[in-house]
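Could you have a look at this structure, given as structure tokens, before my questions?
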Amino acid sequence: MNNITNKVADLLIEVRNKAPLIHNITNYVTVNDCANAIMAIGASPIMADDIRETEEITSMSSALVINIGTLNKRTIISMIASGKRANQLGIPVIFDPVGAGASKLRNDTTESILEQVKIAILRGNLSEVSFAAGLEVSTRGVDSSEADANNDGVAIAQAVAKKYGCVAAITGAVDIIADGERVVTIKNGHKMLSEVTGTGCMATSLVGSYAGVSSDYFTAAVGGVASMGIAGEIACEEVGSMGTGSFRMALIDVLSRFNSELMEKRLKLNEA
Amino acid sequence: MNNITNKVADLLIEVRNKAPLIHNITNYVTVNDCANAIMAIGASPIMADDIRETEEITSMSSALVINIGTLNKRTIISMIASGKRANQLGIPVIFDPVGAGASKLRNDTTESILEQVKIAILRGNLSEVSFAAGLEVSTRGVDSSEADANNDGVAIAQAVAKKYGCVAAITGAVDIIADGERVVTIKNGHKMLSEVTGTGCMATSLVGSYAGVSSDYFTAAVGGVASMGIAGEIACEEVGSMGTGSFRMALIDVLSRFNSELMEKRLKLNEA
Amino acid sequence: MNNITNKVADLLIEVRNKAPLIHNITNYVTVNDCANAIMAIGASPIMADDIRETEEITSMSSALVINIGTLNKRTIISMIASGKRANQLGIPVIFDPVGAGASKLRNDTTESILEQVKIAILRGNLSEVSFAAGLEVSTRGVDSSEADANNDGVAIAQAVAKKYGCVAAITGAVDIIADGERVVTIKNGHKMLSEVTGTGCMATSLVGSYAGVSSDYFTAAVGGVASMGIAGEIACEEVGSMGTGSFRMALIDVLSRFNSELMEKRLKLNEA
């Protein structure tokens, strides 16, 4: 067990003790999963996307999660305004550029958010993070995940982290977490995580939950991503043979039973 | 077994026999849970929030449920217009001021609805109902529930009921139902109900389901709140050890198997 | 086993092999169920409803599913624009007129879509499809299903199919699939499918998944509708006694385990 694993396990205890309020401006497809994942890990979710209240809600929260899974003009304005307010107050902003690369609207919104809001942690699959890095990509849908763990992943994560001064978290068959200096890979997770919708969004909201109790965003990103990966492994062991409906339910079950011992025992972390 | 318990059990039979149509203008986080809870108890849900159809949908419904969990300008207009139409037609309006006290928008909207629409039943946690009563409160998120059953609960429920001429239902560790004259407390429920999102919203939609078959709104409020509480107890007994994902699924399971015998056997009602 | 059954079973293999991208402009009540059903059957969902990206998203998809379960001005524009784009590109449009007959807005929108967009497959319950056929109907809510399989069903399905040059799929106690020439009935399914929300919407999204890999829309409609019906039967056998929460989860489980052998073994198809 290494030092980072210890820190992640400790951070989980903090999440459960402090139950930070996590403001999510997110999509209507997986919003319920995100709320339940946040509660399962011990934090407290609030969803609000109207410009007349989002800055106020952000102000009283411990982290802001921005997820562009289903965009519209009304919520884009709220995302940027809330992001700026979070920056003013030192509240970490976690950004999930869902489907970046798939449409001009998503591309423009991703660029606009990255320009106007200082991001603490960027979480996406390889093609989404590649787009954020300014690289050519072809995205096919928001749930595709093929080849997300190729050899370029580490370089792309590092490039994004340096470009935006943030932590970059690329999830896929192997997860990659990088800041300007450190890189780790996480070999938890299971293929079934790509067979239900919302596991990426939930990972981002879990990252937000960890970031809500610590300014060590690198550790927070590892914690959120690892929680989802380990939950996927255990959920598959427990009910995977039943199918993806049971698996999805079990993800929340496992997150709700998660504790620091489980994290220390299961986390497959490698420093690159 | 007292008289109210009998009435509640009878009302449940009515819900299952008449399958009233319940119009919900609600949030996008827990809307699916609300629809499934309404169907599980035997009523029929319809969700519609565009101003060009909400009054028409309300007109053919047996109850209107207004839930401000995720507000925006478009739906606030629909809530008030539908509420007024319901008032004209004698259709009960059930109001859930989710997060009242947490932002100016939620406060203003709550006040606006209470001013312009005659509410049959107000359902919320202690801080939300306290706000509606005009008291100072500090809300922290929409899923916080600490101390919701303190000694002030009965007085606050009575104050709100008298102020608005409605039934007030405060849910928490102990649930309180009051109208201008009577007060009862319900000691059903389980802590796990506060560990998944949507249980408050579902309780409100269940209250609406009962109110859709009777003008005895006091009994309807007891019925809806008690159904959720008892479902929570049984769901926890059956699958609670698995985690909050299984628990959430089991809530709907239990509601779908609910009947008058179960209500009479499990309801822990005290007249205050 | 007849020829159509063979074709349906083969089409399922195609869905799993090709994983077509299915663009859904749908309601916020059952959107998550639709996404998970699409993934469970082997296709890939994308949900996008903002006019600034819907046509682009449609362009890269293999089918477009339009569902009017929760309408608003913003999304109606997107539905029609995306439908027209799909028509230009030869991408099949699957239309679910949820609640047609229940409000002027739903009626007007249904008519507007049918006028401006060439539909490949229309999927609804009897009253919804009757409305589309220009017949008098009384819709009561979006989940009512009484008498959906009456003797008029076949005639109505044929009338709609001829009127719009599309495949018509009426689901109910008995499902009816018709194009201008052929009619088949499917006697799969279970009453519990009418006791949870979203099973109609999921059926439509499954139809879209099949239509995404074949221009034989008749077979695609049979495939999608039959998949839902058979999933309902098996889910009920496996967990029906637990209640509707477990049943709903098991629907996704069964869809995720679905294969051509199961389709051939269980499909109860009759050529009318």
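Read from first to last, the chains carry the letters A, B and C; within each, the first residue is number 1.
Here, contacts are C-beta pairs under 8 Å (C-beta built on N, C-alpha and C of every residue); 3 or more make two chains touch, one makes a residue touch a chain.
This structure is a prediction, so every number in the text was calculated from the model and none was measured.
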{"item": "Shared interface numbering between chain C and chain A [over half = same, under half = different]", "value": "different"}
{"item": "Superposing rotation of chain A relative to chain B, computed on C-alpha atoms, to nearest 5°", "value": "120"}
{"item": "Distance between the centres, which are taken as Cα means, of chain C and chain A, whole angstrom", "value": "33"}
{"item": "Multi-chain contact residues (two or more partners), chain A", "value": "28, 32, 248-249"}
{"item": "Touch list for chain A against partner chain B, complex", "value": "21, 28, 31-32, 35-36, 39-40, 44-50, 52-53, 56-57, 60, 74, 248-257"}
{"item": "Complex contacts: residues of chain A adjacent to chain C", "value": "27-30, 32-33, 69-73, 99, 102-106, 140-144, 195-198, 242-246, 248-249"}
